[in-house]
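In the two complexes below, chain A is the common chain; its partner is chain B in one and chain C in the other.
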Partner chain A sequence: MAALEIEHVEKILRGGQAVLRDVSCSARDGELLVVVGPSGCGKSTLLRLVAGLESVTRGVIRIGERTVNELPPQQRDVAMVFQNHALYPHMTVYENLAFGLRVRGTPRARLDQRVRLVAAQLGIEAMLKRFPRELSGGQRQRTALGRAMLRNPSVFLLDEPLSSLDAPLRAELRRELAALHRSLGATMVYVTHDQSEALSLGQRMVVLAGGRVQQIDTPAHVFQRPANRFVAGFVGWPPMNFLTADSFDDVARVPAGQGALEYGVRPECFSARPGGGDDLQLTGRIERIESQGSEWDLELTHRLGRVLARLRPERTLEVGEQIRLWVARGHLHAFDLTSGARVELKP
Partner chain B sequence: MSLRTRTLRAGTYLGLTGLAGVTLFPLLWVTSIALMRAPEAAAGTPPLWPHHPTLVNVINIISRQHLGRYFFNSIVVATATMALSVLVAGSAGYALARVEFRGRRVVSWLVMLGVLIPNQALVLPLFEMFRTVHLVNHYAALVLPAAANPVGIVLVQAYMRGIPVEILDAARIDGASEWRIYRSIVVPLMAPMLAAVGVLVFVVSWNDFMWPMIAMQQEGMQTLPVALAAIDREHYQDIGLMAAGATMTMLPMVVVFLASQRYYLRSVIAGSLTD
Partner chain C sequence: MKRKRSTGALFVLPALVLLAVFVFIPLIGVLGLSLTDFGVYSLADSANLHVIGAANYWHLLRDREAWQALETTLVVVVVGVPATLFLSLVSALMIESIAERWRGMFRTALFVPVVCSTVAIAISWRYLLNTRFGLVNHLLALLGLGAPDWLGSPHLAILAITIVVVWKGFGYGMIIVSAARKEIPDELYDAARIEGAGVHQRLLRITVPMLAPTLGLLALLDVSGYWQLFAEPYVLTQGGPLGSTTSLLLLMYERGFRWWRWGAASAIAVALTAVMWLFAWVQRHTRAGWRGE
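Up next, the complex of A and B:
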């Protein structure tokens, strides 16, 4: 195992299009780092750069003590799990797992032992003689994971490994993956476009957009203190509402900061009754009600636009009804209207 | 099974049987004529079935016309051409599809252009070339020009583009050298297409007439179709003999086809990736 360091990495395509711009981040030895961002943000490219499948335009990539910029993938001691699994279709599960050790000339007995151990860890011992086309989606995914585990690489690279599976299986494998990470103590970089996956899985997460790092922090911090308007809107579901000061009933009580501000309120931070004395108040008309089981998603139109609130109502609500919502000042996020950067409000 | 699907299936089988019949009928008839005695075979329209089957035509054409020699020539040429062109098409097709190198697009275009040039247009320059290097009347004269088969290269290239690049990336990360990837991953994945190209090249080489006729003028070096045409000129009245020659020319095709069909009917890609 080893730490991974990415310093000021840029990737500019031959046509001049910049895919990654000055990206710096690192995964500590044994850490599970999640890279999350919308599609096209450059997160898969980042993984391919680390794997050596593409070359960096500028910057340094270090694995452990080694600078690997110039090394081909074969010599980087990384393993990668692809979104589409990319198993070798003409080889059995056993051969798929064994291939990496086989090309390195590992003695047969040790190879066999290692394949069986990893297969047992992943619960695919019974599948060893099957071909990939004879496996279910989950089994293929486990085989792909096993292939990566077999060599005990310094760094695991996982490129949306679960996105091709259905939701229940995805949740199951996500738990398994987290457990696996703990038991292997491996350095992992996990790329996903699914912010909920990033929140639940990562020890730290890197939010990437437009080829730039937006924020690097623990999931809790990213959620509680998003660095800018993009992160605030991207992380968390349903997404944060963005409001101007005069959306609230009493503009004067909205905390102000330097320059023009935009305020963010997460849908679940609204409440149907006042909590404390300095709660802000917002009045709107219910346009749509959607039950989420114990909670209700309400779409309201207020004076200046629309807002989504997730509530646990104490009485039946009707579409068309006027309703008053409260939000604690502490739940208010503020962003600079022009730059989008987070602005700290005075308590 | 509902009546509708059953009717549909019956119709399909009927249609396919009809097509197979149309294709097979001339082949079977020629084989049948080969087994007829001279008067029977020479009738304006020979009967469908020999009344007194005989191998005399086969024996005659082998012993008196040295067909064995021409047969050997054809086998050598077609087999060598097949082997060489599969090798070339396999590596060139893969390289053009999946290896980054300078001038790849230009080469791709040139190969495409090669598909469009008719063989007849090449006969003269080819002959000049081979005469200069003293390879006329040599097997190499038939094998070498066919070894770089542009159709084969284009087919392999297109097939290779359909194989996800991630499979090759995975092998790279697994530590395999480029040569190892080619040997252990690419070739097995291309196998169905290589088999198809091989059969195609074998058949084309086997049936080729114009270039072998020009390049192989020395007695005893001709291939079967050329030799057969020569026999035809001498013995145009001996239909049975000609039919025996034609049958023996067809036979290897049938063997090659039956032996290789399972390779190119197989689809190995299924199941490698999520659908």
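Up next, the complex of A and C:
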């Protein structure tokens, strides 16, 4: 086990396209760090740089005490689970698991013991003689995970390991993975484009977009105090509404800051009843109603645009009806209109 | 439903007619002929045509020329097929490792023999292998080696034929192997690198086994192709010296079209086909394990 440090890493492709720009982040020894970002933001590239499959244009990558920039993949002591598992189709599950130890010339007895131990941990002992094409999606993913675990690497790199599975299985494997992480005590970097996965899994999360780090913090902090407009819109579902001050009924009561601001309100922070005295008020016409079980998603048009509100109304609502919603001032996020950076409002 | 079936039949009809005219009817004809003593005398007077049962086949079993032809053909198959597969594999992998802009040129150069007429190639090689004026011996002389009589001595002649056959054939396999190699996902190699596999391990544990189904198919094609060896010895050596390069097909040709013994020639044709089918059957039923996806 070892810590992973990524300092000011830049990756510029031969064509001059910058995929990663000045990325710094670190995973402490034994930490599960989640990297989340939209498709194409450079998540896979970041893992490939750490694994040594590609070389950094600038910056330093350290694993434990070692700077690994110049080391080939096999000397970095990392293991990787690929986006679509990359199992060897011509080998059985057993051979897939054993591959790493076998190419390193591990004695047969020790290899066999290790394979069976890991297979038992993942519940795939019965599959050892099968070929990957004879496995279900979940079993393939477990095999890929097992292959990574077999050598007991310092750092695990997981590239959207669950993205090919359906939702219930994904949730199940995610819990298993979290448990596995605790029992192995391993350093893991877990990449996903699914913000809900990131919120539920990580001890800390790195939000990446356009090849730049947007925010590094615990899931709770990222959710409550997004560092900029992008993070605010990306993390949380349904996504945050963005409004200008004059969207609200009483512009004068909207807290102002320096320069032009944009305000963010999460759909679930609207309420159909006034709470405290300084709640802000917004009036709109209901365009669409969608049941979410115990809650309702309402789409309203207000004076300047549309908002989505998630409510638990006391009475039946109709499409076309005018409705008044309230937001507590404390639920208001504010961002600089030009830079998108978070602005703290005075309480 | 009924109508659909007849419409379907209509669509396969042209293919069936072609197959019947060029494959099935001749096949049955040859089978029939092989049971007779049909020859040039029977053409003159059909009273000379007799059904002689399996006699042609019994003769074949005791025919030293036929056994020699079988040996010659087998040598070309047994030496030529592995050599072809090896060259196809190696050339495909090597071409991949050279700079992109030269790749097309090399690929074309190695593939040209495949599409050239066999006769033209054989004639060129006759010049190349000429004992006194040939380029091959000229080069050997530069290296200080002797000037062997390639097409004049039995052992060298069969070697020369095998070389020409392999040289003409491996380019095809190279293209097929190249295509199959591109189908192997890069991620498998990435995974193997991280797991600690070096260049050779990746080659032996991933590339070669992943290409195995393709190589198996190529082996089948090559065996059936070389089993029908004809044009190269026909042009280069006319089956000599001392019958050492007479392949089974060439023997059949000589029996049929030189000595006008069509019954006997048909028996050889049937035997050739039967062995080929046997081989295909064995090949189909013995490939175990991974067959590709």
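Heads up, the rule we're going with is that the second predicted complex is superposed on the first by the 347 of 347 C-alpha atoms of A that agree within 3 Å, B and C clash if a C-alpha of one lies under 4 Å from a C-alpha of the other, contacts with A are read in each partner's own complex, and residues count from 1 in each chain.
Just so it is clear, a contact is a pair of C-beta atoms (placed from the backbone, for glycine too) under 8 Å apart; a residue touches a chain by one contact, two chains touch by 3 or more.
This is a predicted model, so every value here is computed, not measured.
Undergrad: For A:V103, select first, second, both or neither according to whether it touches chain B, chain C, the two together, or no partner.
TA: Touch partners of A:V103: chain B and chain C.
Undergrad: Now for A:R140: first (chain B), second (chain C), both, or neither, which partner does it touch?
TA: first
Undergrad: Of the partners chain B and chain C, which touch A:T67 in the superposed model: first, second, both, neither?
TA: A:T67 contacts neither chain B nor chain C.
Undergrad: I want to verify the contact counts: of chain B and chain C, which reaches more residues of chain A?
TA: Counting residues of chain A touched by each partner, the higher count goes to B.
Undergrad: Taking the superposition as given, does A:S164 touch the first partner, chain B, the second, chain C, both, or neither?
TA: A:S164: touches chain B, not chain C.
Undergrad: In the overlay, answer first, second, both or neither for which of chain B and chain C A:P89 touches.
TA: After superposition on chain A, A:P89 lies in contact with both partners, chain B and chain C.
Undergrad: Which partner does A:A79 contact after superposing on A: first (chain B), second (chain C), both, neither?
TA: both
Undergrad: Residue by residue on chain A, keep only those touching chain B in one complex and chain C in the other, then list them.
TA: 48, 51-53, 72-74, 76, 78-80, 82-84, 86, 88-90, 99-100, 103-104, 131, 133, 147, 151
Undergrad: Taking the touch rule as given, give the residues of chain B at its contact with chain A in the complex, in rising order.
TA: 164, 166-167, 169-177, 180, 184-185, 188-189, 268-274
Undergrad: Flag every residue of chain A that touches chain C in the complex, lowest number first.
TA: 48, 51-53, 72-74, 76, 78-80, 82-84, 86, 88-91, 99-100, 103-104, 131, 133, 147, 151
Undergrad: Within their complex, state which residues of chain A touch chain B.
TA: So the residues of chain A touching chain B come out as 48, 51-53, 72-74, 76, 78-80, 82-90, 99-100, 103-104, 131-135, 137, 140, 147, 151, 164.
Undergrad: Report the residues of chain C in contact with chain A in the complex, numbered from low to high.
TA: Touch list, chain C to chain A: 185, 187-188, 190-198, 201, 205-206, 209-210, 212, 290, 293.
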